[in-house]
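The structure appears below as C-alpha cells.
Each chain carries a letter (A, B, C, D, E and F) given by its place in the written order, and its residues are counted from 1.
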C-alpha cells in the first residue's frame, strides 16, 4: 500500500517563492542554470573486496554501489542467461528522513527504475553470464547504498550502478566433475560484457520551469518529476514520472529534449572515471 | 510470461494476434456500484484484464497520527489476486505491486481535491482479478470511476492505457502476449479535461519520434475512455462490445 | 496471540432489541424466517484464466474463489497424494473492518475451517492427483477472496470453494524424459475428481434463538455462532464454534438438526450452478 | 504424524493401544502455583501431553490504545515449545497456533467476568511443553486453573477433553497415535456448573447419533476434570495416578 | 537496531541503597555472600519425547532446554561436521517484562553467548555428527525456554543447555539405498559425544562490588555485568560484557578469578544431575 | 570464511601473514565530517576494514512514546553493506548484527552524558562498508569520532581493537584471515582518559595469564587510537600510513 507521505518537511512558502523568482531569471540557488546538473564526481574501485564498485557525488548527494557475484540457477524461461538483481538501501545514515527497516516504496522504485534501464537495454550481456547453460549461471547483485541524500537519487544511483558494472570483474572459477562450480574470489579477471551504457536524467517541474538534477530543496517544492533514461545514441530507454503532480504533453516532450543534452555531461563523467581507472 | 518465440504478432495486413488494428483498444467494459460496503466501486475490463476498485472515505485515518492537517491522506493499494495470473501469485505484496501502488497514488494526488478534507483518509483499493496486460492503466480507470461513484470531488476524470512497440510498430493497449515479446511498453494516465498526464512510464526503447507518436496514440484513446467513464457514471454500465 | 477485538463497531442496544423482538415473532430484518438462508447466487467460471473459479452471493455478502494448479513434491507421509492448500484474504475492499496486511486470525480460521471440511472427507480425490507417485503431484491452490462482507463468510466461502473445485480442470502436461513436467496452461481438460460434496451452515445464537445464515448485523449482536459442515447424505463432517460466548448441549444438537435442513438449499444452488455451467 | 498403518488400535476386548477403555481418560495431573512471576499458573498433564499456563492481570494493556472502555481486554497465546513435537517446531506462530489461540480465547470471553475490569488486560499464556494429542483441551483446563489461581473472577471453572472416533468406535481423550489414524476428533470445553459449552470443534465425520453420544462422553469426563480442578485449587497438586 | 530499553521497571533509589548497604557488610538480600550463586537444581530428561532435555532452577529463575535432532546438509566449509543451532525464547509466561514476538536482542544475545561457548570449545564433537560426510549430517537444535525470570538467565541457560546435551540420545536410523536417511524416533540409543563441559558465571558490578549470580533486583540496579565461560580445567572459554556501563581492567581480572571459583558449584550440580540420571 | 588450512600465519621471525609484528595495528585512517546531512560523521579504516559512522541528535525520537523522562534514548545500528563481505550479505539484519548493535550501544550508554538531554534521541548509525576483521571495534572508534564531531558531550573518547590468539600467540588487531583460523578473538573498547572498559567479549579459549596479557595489549593500542582520534578532531584527517 502506498500512502501520502505524512512526515515530509514542510517547505516554507517563502522558500518556494525564492526558488521560483530565481528560476524566472534563469538561476538556481546552487548557482547553475536550469539545464545543467550539479558537479559530478565518479570514482570506481572504491570497495576493493567487491567484484565491482563505484561512488558518485552529485553535489552533496552521495551514492555508493557495490557489485557482488555468485553462481546460481537461471530463471526457467531464460535458461541460458545470467541473473542481475538490483537492490537499493536508503540507510538512515544518509538523511534524517530515512529510518531503519526494509526498503520502502521509494527505495523499491529507485531500484526498479535502475533495474529496468539495465534490463530492457540488455546493458549487461546476460547471455555471456551463462556458465553451464540451463543449470549454472552468474548471479550479479547490484547494491545501491545511499550515503548522503541531497536530492536526485535516481541519476546518482544510475551513474554509480553503470560505473560499478563497468568496474566489475568476475572471480575465477573451477568446474568440478560433479558440475559444481568453485569460485576463487582472490582472483578477479574477467570483466562483465557491457552491451550498452545507460544513464538517466531527472528533471523536476517547478511552477512552469523544468530543471535538470534537482537538489533536495528543489525536489521538495517541485510539482512533479520525470526520470528519463538514455543510451549513448540518445535513444530513450526508460521513463518514470515520479512524485505526485502532473505534466502536460508538451512538458514531457520538452523534458525529453532537455534530458538528451544533459545526459552527455553524465556520460562524460562516466567515461573519464572508467577510462582513468584502467 | 509466455514469450512466444517465432510467432508473428502482427500480420502482413497490420492485424494483431487477436485481430485488432494497431490503434484499437480491446473491448472495454465499465460498471459502477458493484460493491455494497464501499463508498464507491467500479469494475473495469480491457479484454480479459479485469480490475475491481473500491473507494472508502473521506473517513478518519485508521492510524490517527497519520492525519495531515491541511489535506486528506491518500492511501492506494494495487494488489493482484493469487488466481489472476498464469502461475499463482503469492498474496504478499511484491516489489512490483509496491511500486505500482505508488505511481497510481501519485496519479491521483493532484486530481483529488484533497484540500477539502483535512485530517481524513481517502482509500483506493484496487484488486486485479484477472491479469492480461495493462493492469495498472485499467486500474487507474477503475479508480477514477470508483472515486466519482463515491462522490469524491476531483479536478477531472482520469483514464489510462498502455502503448507498446511490437515488431517495430506502435500498438495501443498491449495484452500479455504482446507485452511479453514487445520492445517497449509505455503506460500513460491522463485527465483530458485539464490536459494533464498523471502517470507516465516507459519500459523499453523508443526513439524521440516514436515517443511522441505513441504518446498521442495513448492520449487519443484516453479521451474516448473518459467519455465512456462519463457514460458509465450516468448509465451504471457500458460495454464497447455492445456498441 | 489472539486478542479481544478492540475495533468492532458497537451495536446500539436498540438495534439488538429490534432484532430480538422480531425474532420473538419468528421474523428477521431481512424478511425471512429463522431457518432460511438469504438468497444465494452461485456462478462458476468467472475467472477464465484460472483453472477453476466461482463467485457466490449470499445476500450482500460476496465471495470469489479461484483455483490455480501447479506441479510440486508430495508431503513425505503421503507420497502418492496431491496437495491442496486453502488460503483466505479479507481484502480491505470488502469492508471498512478489513485492513491491508497478512491474514489475521479471522482469515486463518476461515481458511482452516474450509480446508478441514474438504480434507477430512477427502472431498477432492487426492490420490488421483499423483503424477509420478513419490515425486511429482498436483498442488491445488484454493484462494478465497472476500469482496463484500455482510456476514457469514463461512457458508459463502465454502460454497464458492466447492463450486470452484467442481469447475476446475487441470492443465495438460507433458512428461519429459528427465522426469520434468511441462504444463500447457492454454489447454485445460481434465476435471478434478470430486469424491464428496461438502457445504457448511453457519448458525448464530441470538438470545435464545438459533438463526441460519446470520447477516453482519446479526453476527455483531450474536451471543455466539456454530458452523457445521455436512455432506450430501447429511453426515456431519466438521464443526467450529466461532466467536465468544457459549452454547448448551441442547442448542448444539438443535443447531445440527436445523443446519441439516438448511444445507439442502445450498446444495440445490450448488447443483444448479454446476450443472448449468456444463 | 506417525500414521501406523495396519496396526489395530482397539483390540477384541475393546482395549486401546495403551490399555485404556473407550471412555477412559489418560492419567491426569494438575498443579497450581508453579511459576513465581505470573499472577496465576498451572501445569496440567493428560498422559504425556503437558501444558504450562500463566495468567497475568488484570493489568494495564501493553499498548494502551487497545484498552476497552467497558471490559477487560483478553489476550490468549497458545504456543508450542519447539521441542514439544516429534519433529522440531519452528517457534514462529503457525496458522494452527493462531486459530487455536482464537478458539481458546473465545472459550473464556464469556466465562471471565471481564466487565469488572474495564480498561485492563488479562493475559493467558499457554505453553505446550510436550504434545501427545489433546493439547488444546488440556490447555483450556490449564488456563482455567491458572485464572482461578490468579484470583480472576469467573462464572464457573472450565475444562476440556477431546473425543475421537477410531476404527468405528468413540473413544475419550485421544492421544497422538489415535488421532493420527482416527476418523474424527471432537475437542470440547465445558463449564459444568453453568452447563455451557465454550469450545466445540469437529474434524472428521460423525453421524448425528455419534455426535450426541460423543458429546455426552466428553461432558461426563469434563465434570470429573472440573472436580479435579476444584481439588487442585485446595490441595495445589492432584494426580489421578495416585488415586 | 538497538535501543535504550524504555520500558524497564524503575528501581527506587531506596532499593539500590538497601542493596548497597547490605553489600558493604558482605551480605545480599537473598541471604548469601557475594561470591556464591543461589541454590541450583538441575534435572534432566524432563521432556520424554525430546532427544534430550533439562530444567534448571537457579533461585526463582527457571529455564527449560529441549534438544531435537534432524538430518540435514552440512555447511559448505565444514562438510564432515554436524550442525548445532541454539535458539532462546523469552516467552511472555516467564515475566511481565516479556512480550510475545520474535526473539529480541536480549534473547538473541543469550542464545549466541551459549552457542559460542559450545562452539568455540567444540564441546559437542561435531565430527562425530557426520552420517554421510559431505551430504548428510545430524542437525542438533538446542531450544532454550525461559519459564520464570528472576535474573541471570545466562548461567541458568548455559547449565540447562549443557545438561540437556549430556542427556541427548540420537534416534536410530536406517540408510536407504537412495542415500535417504529414515529416522526411528521411537528408539534413541546413541548419546552425543561430549568433548568438553562448559559453564558460565554471570557477575554483576554494583557500585564497587562484584557479585556472583545476580537476581533480578540486583541486575536491575547493577552498573554492568560480565558473563564468563569456563571449562572444567578452569580455562576461560568465552566472555561477554552485557548491559550498559563499564568496568576497569582490575575489575575484569577480579571477576575472572571470582568466577573460576564459583563455576565449581555449578559443575558440581551438573555432575550430580547427569550421573544420578543414569 | 576463507579458513586457510595448512598456511602458516606467523613465520619463524614472528611476522604475520601481512608482515606485521604481533603487537602491531594495521594502518589506521580516520576522517571526520565525511557526510553532509548527519550532525556528526566519521570514516575509520583499520587496514581494509572500513566503517562509516553518522550521528543524529539530540533530536525528537521518531516514536514519541519511546522518549525517556530523565535521559536521552540511545539508538545504535551496526549494519553491514551487502557488498562488504566475501559473499553478498542479505541487507536484512542478522542475529549477529542485532547482538553487535546491542553491545556497541552498551559501550556508549555510560559514556555519553545522556542526562543532559532528557526526552530526546541520539542515533548512531554504523555502516560496515568493507569487512576484513575487527569491524565491531573499528565501529566503536568511528562512533566515538562521529559523536565528538556532532558535539555530543561525552565523559571521554572511546576506541576499540581486537586481540586474537593464533598459532598459540597473542596478536593485535586480527584481520579476517587470522580470525578465521584463530583460537581466540577478544574485542575490547576502552576509554583511556577515565580508565573504563566499555565493551568486552571473548570468543575462544585463553588462559588467565593470556587474558591479562591480551587485555593489556588491547588497552595500549587503544591509548594510541584515542590519541589519533584527538588529532583527527583537530585536523579532520589522520593516517598512520603517512606518519
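By definition in this document, a contact is a pair of C-beta atoms (placed from the backbone, for glycine too) under 8 Å apart; a residue touches a chain by one contact, two chains touch by 3 or more.
Everything numeric in this text was worked out from a predicted model, so none of it was measured.
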Would you mind checking the shortest number of contact hops between chain A and chain D? 3
Return the chain whose centre of C-alpha atoms lies at maximal distance from the corresponding centre of chain D. A
Most remote chain relative to chain E, going by C-alpha centroids? B
Centre-of-Cα separation between chain C and chain B, whole angstrom: 31
How many angstrom between the C-alpha centroids of chain F and chain C? 57
Can you work out the whole-Å distance between the CA centroids of chain C and chain E? 48
Multi-partner residues of chain D (at least 2 other chains): 77
Multi-chain contacts only, two chains or more: what residues does chain A have there? 1, 100
Mind sorting the chains in ring order for me, with chain D at the start and chain E directly after? D, E, F, A, B, C
In the complex, chain F residues that touch chain A: 35-38, 41, 48, 50, 52-54, 56, 59, 62, 77, 79, 81-88, 91-92, 123, 125, 127, 129-132
Interface residues, chain C side, partner chain D - complex: 1-4, 6, 77, 105-106, 108-109, 111-112, 116, 120-121, 223-224, 226, 231, 234-249, 252-253, 256-257, 260
Touching chain B in the complex, chain C uses residues 47-50, 53, 60, 62, 64, 66-68, 70, 87, 89, 91-96, 99-100, 102-103, 141, 143, 145, 147-150, 185
Listed in rising order, the residues of chain B that touch chain A in the complex are 1, 3, 65-68, 71-77, 93, 95-96, 98-99, 101-106, 109-111, 114, 184, 186, 191, 195-208, 211-212, 215-216, 219
